[in-house]
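Please go over the structures that come below.
Here chain A shows up in two complexes: once beside chain B, once beside chain C.
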Partner chain A sequence: MNLTRRKFLTVSTSAAVATFFGGSQAFATVDEINKAISEFTGGGEPESGVLTLKTPEIAENGNSVPVSVAVESPMTDDDYVESVIILAEDNPNPEVATFHFSPASGEGKASTRMRLAKTQNVVAVAKMSNGKFYKASNNVKVTIGGCGG
Partner chain B sequence: MHSRRDFLQFAAVAATLTGFTGKLSRANAQQKLTQDDLLAFDDKGKITLLHITDTHAQLKPLYFRPPSENIGVGDYAGIPPHLVGEDFLKHFGLERGSALAYAHTMVDYADMARTYGRLGGLDRTATLVNAIRAERGEDNVLMLDGGDTWQGSYTSLKTQAQDMIECMGLLKPDAMVGHWEFTLGADRVMELVESLDYPFLASNIVDTDWEEPVFESTAMYEVGGSSVAVIGQAMPYTPIANPRWMFPEWSFGLRLEALQANVDKARASGAEVVVLLSHNGFDVDRKLAADLSGIDVILTGHTHDAIPQAIKVDNTLILASGSHGKYLGRIDLEVKNGKVVDYSSNLIPVFSDVIEPDPVMAAKIDEVRAPYKDELSRVIGKTDSLLYRRGNFNGTWDDLICEAMIEERDAELSFSPGFRWGTTLLPGDNITVEDLYTQTAMNYPEVYRLEFTGARIKEVLEDVCDNLFNADPYFQQGGDMVRVGGMGYSCTPGASMGSRINNMTLLATGEPIDPAKSYVVAGWASVNEGVEGPAIYDLMETYIGKKEVINMKANKAVKVN
Partner chain C sequence: MAAKPRIKVPKKASAGDIITIKTLISHKMESGQRKDKEGKVIPRKIINKFTCEFNGNSVFSCDIDPAISANPYFEFKAKVNEAGTFKFTWVDDDGSVIEAEKEITIS
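This part shows the complex of A and B:
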């Protein structure tokens, strides 16, 4: 983890923005997700690898699901991760958070919590300083819960 | 390996005394089966692991009918533990009517139960454990408790598990893990854990604030001249299957990365043998054994599966030691040059009538039960039917509970959770307070009465069904299907979520359940906070008292495709 104070602020800011985005109760469409990704990548095609997205297999509490991202990067002036966006495909508003990094961040890792309306894919995309993009995706199950024994 | 041989020993015992008649007198059976037969074992190496799990606070010998349905899906269909009855006998080469056939299957259950008697009893288990420790040497034996030990009986409910703490203390386990333990609430769990002489392990519980471990993950032991690491894994979905508000600051999950890291760390610090003491459930552990590396033995619990011997997956042995104190699991390991090179394994069925109770444990059990003696044995009714719970879809005990909730709460439908704990009564048995509490003793017993739309009922059934039959074991929570009263349906376990449940019918009218219509539903054991209603054990006592004699018909309301 080791979030700097600055990163925390960034996280809260993007979360706040995300909250204000909302309004429509309709769930996101595939087009919206693709649009959000291509806006972030400027049309670039993300590759797999380098970026690890961590979520629980099944959410214990859909209102507060831990999510973390880690990008393998030397974090030098020449080669670092600039930002990571997290999207929840089936939330009314898919944008969960955007984390911004700089070489001074030391490592490309961040975590937060998100609300998930139902079982869905969570997608993360990382933007590297060399212009490359990486994508990772996990399915998180949100259950009604309750009869295990 | 030598699986055959151990089976044959049991089969031979059964064969000489019976052949199969189904009506053997108890005396005959017991004259032939002896404590020594039960303890006979093909010793290997210097390390012995003993495993009991999911005792559900049962201190006394009992009947526990194995399931008629225990369906596996996808890659796990038709292989242990997803074999029942005749298929189980055939797969493991057991003779119908043999002692092991009775312990492991429901074939001719009531007759066999009368022939071979009750299984379990912690005083009998203590005798076996003591004998094995004496034979193998105290320092060569690790005794491990797989959890679900502190909940499930009248006395554990009344003492909030103090009875089990004292009795298990005498058995001297080397470590334990948990699941239903957490339903005592975080404060009580911590209080009890601090009182233990042995570690309570969990590699997969972290606090919700900082994701830091709440319990120790690993304990290291010197056993039989080797260094042995035991890593604990709590039931991964406890906060979903049970009320999260009872331990709001703890987060669970499979946390396989943390587990692999703990295995690697144990190896790096010199462990020659790594044991996972797990409350994941069998199929989860079968998959996990293939996905992770460096685990020699998984002692698995939670799904209450009893498999006569360890199953090998890649380089990992998995031993599933049943439930309710019916079995003592044993694995011997031979270690050479820091590696397990040979093993031997067996589930020892705890035939209570042929094992001499350990007097120290027997006295302690009497002592913890003494304050409740009259209440435990108070008769509230009688049953003409076999009353049991375990099975994927229904059991007569839950049919009775569902019927009672509809009646006593004036509901159209009822839900009873698919718990796998709960003992069995034979036709003709009295129903005592103790018997009732083996089905209902827990800390969130309120019976709610709510209106659900037909669409919501379908959603609930599909949701629970996916927890049971998801083709990926990592999404299986280990309970059985929610039991439904007043309604029939068909189920296709192999279908995908949303299309498994069909033909939902209101039994009272024979009409299909209308998605838009509301129905009054009664149910118990809700995971929500602040549920109001009478406790299920009080409701059942009233209902059984009114009925006097229980007679359950075969349940044909659920059709499995």
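This part shows the complex of A and C:
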């Protein structure tokens, strides 16, 4: 059989991941994501721009995926970013974390590490003090899922 | 069980500087998704809230869901106009609170 090492690894990992989750776990649906976003925005429609979401293109270990958000904002008392919610579309629960900033933050930037169950889109929505919302999303390829069997 | 948190705050800053703060705390962050050997779900136990205050004013806080990795790490910014104390708190699902403080001076 003409199976290269690389091919073998890919096939065996996907098989392992498939067994790992057994298809029995309920993952978040598009509806849930939209619900979570509209709960956060109170029905407001998020625009694009201002908010940058940084994630790795490929995460080898879904247990610890670095994620950072940066919002361009003057961070003054009348104009600052209030909060940023991070959502993972295909995790069992879409919510990852919500950052709350204040003018004392100086910059609307924060980083943390998250768990991702499988390859999926990560979405961030920023809420500004002037009532505007901004959205950004990235796809992250996950080699080994991070939510335990 | 929670160990002492690790916090990185510069000791000195100039007034008006924006500094970077990094924090890490040891915690299993049991997601409530995993099952034990008998197939029973291991109950959720995570840190669900992290806050940072400077001289009593909120600087940064985070509502945390189970999708945050074990040993939660946060990196964020703070604007320093005066000398003072940063106060950090981590709130566990079981109600316990871990607190830490770091001082900063103005040079």
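Keep in mind that, in the parts below, the second predicted complex is superposed on the first by the 118 of 149 C-alpha atoms of A that agree within 3 Å, B and C clash if a C-alpha of one lies under 4 Å from a C-alpha of the other, contacts with A are read in each partner's own complex, and residues count from 1 in each chain.
Note that in this section a contact is a pair of C-beta atoms (placed from the backbone, for glycine too) under 8 Å apart; a residue touches a chain by one contact, two chains touch by 3 or more.
These numbers come from a predicted model, not from an experiment.
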| item | value |
| --- | --- |
| Which superposed partner A:E57 touches (first chain B, second chain C, both, neither) | first |
| Which superposed partner A:G44 touches (first chain B, second chain C, both, neither) | neither |
| Chain B versus chain C as contact partner of A:K141, first or second or both or neither | first |
| Broader residue contact with chain A after superposition on the shared chain, chain B or chain C | C |
| Residues of chain A that lie at the interface with chain B and also at the interface with chain C | 146-149 |
| In the complex, chain A residues that touch chain B | 1, 54, 56-58, 60-61, 66, 141, 143-149 |
| Partner chain A, residues of chain C touching it in the complex | 18-19, 31, 33-35, 54, 57-70, 72-79 |
| Sites on chain B touched by chain A in the complex | 211, 235, 237-242, 244, 251-254, 257, 417-421, 459-460, 463-464, 466-467, 474-475, 477-480, 482, 525-527 |
| Residues of chain A that touch chain C when the two form their complex | 25, 63-65, 68, 75, 88, 91-93, 95-107, 109-116, 146-149 |
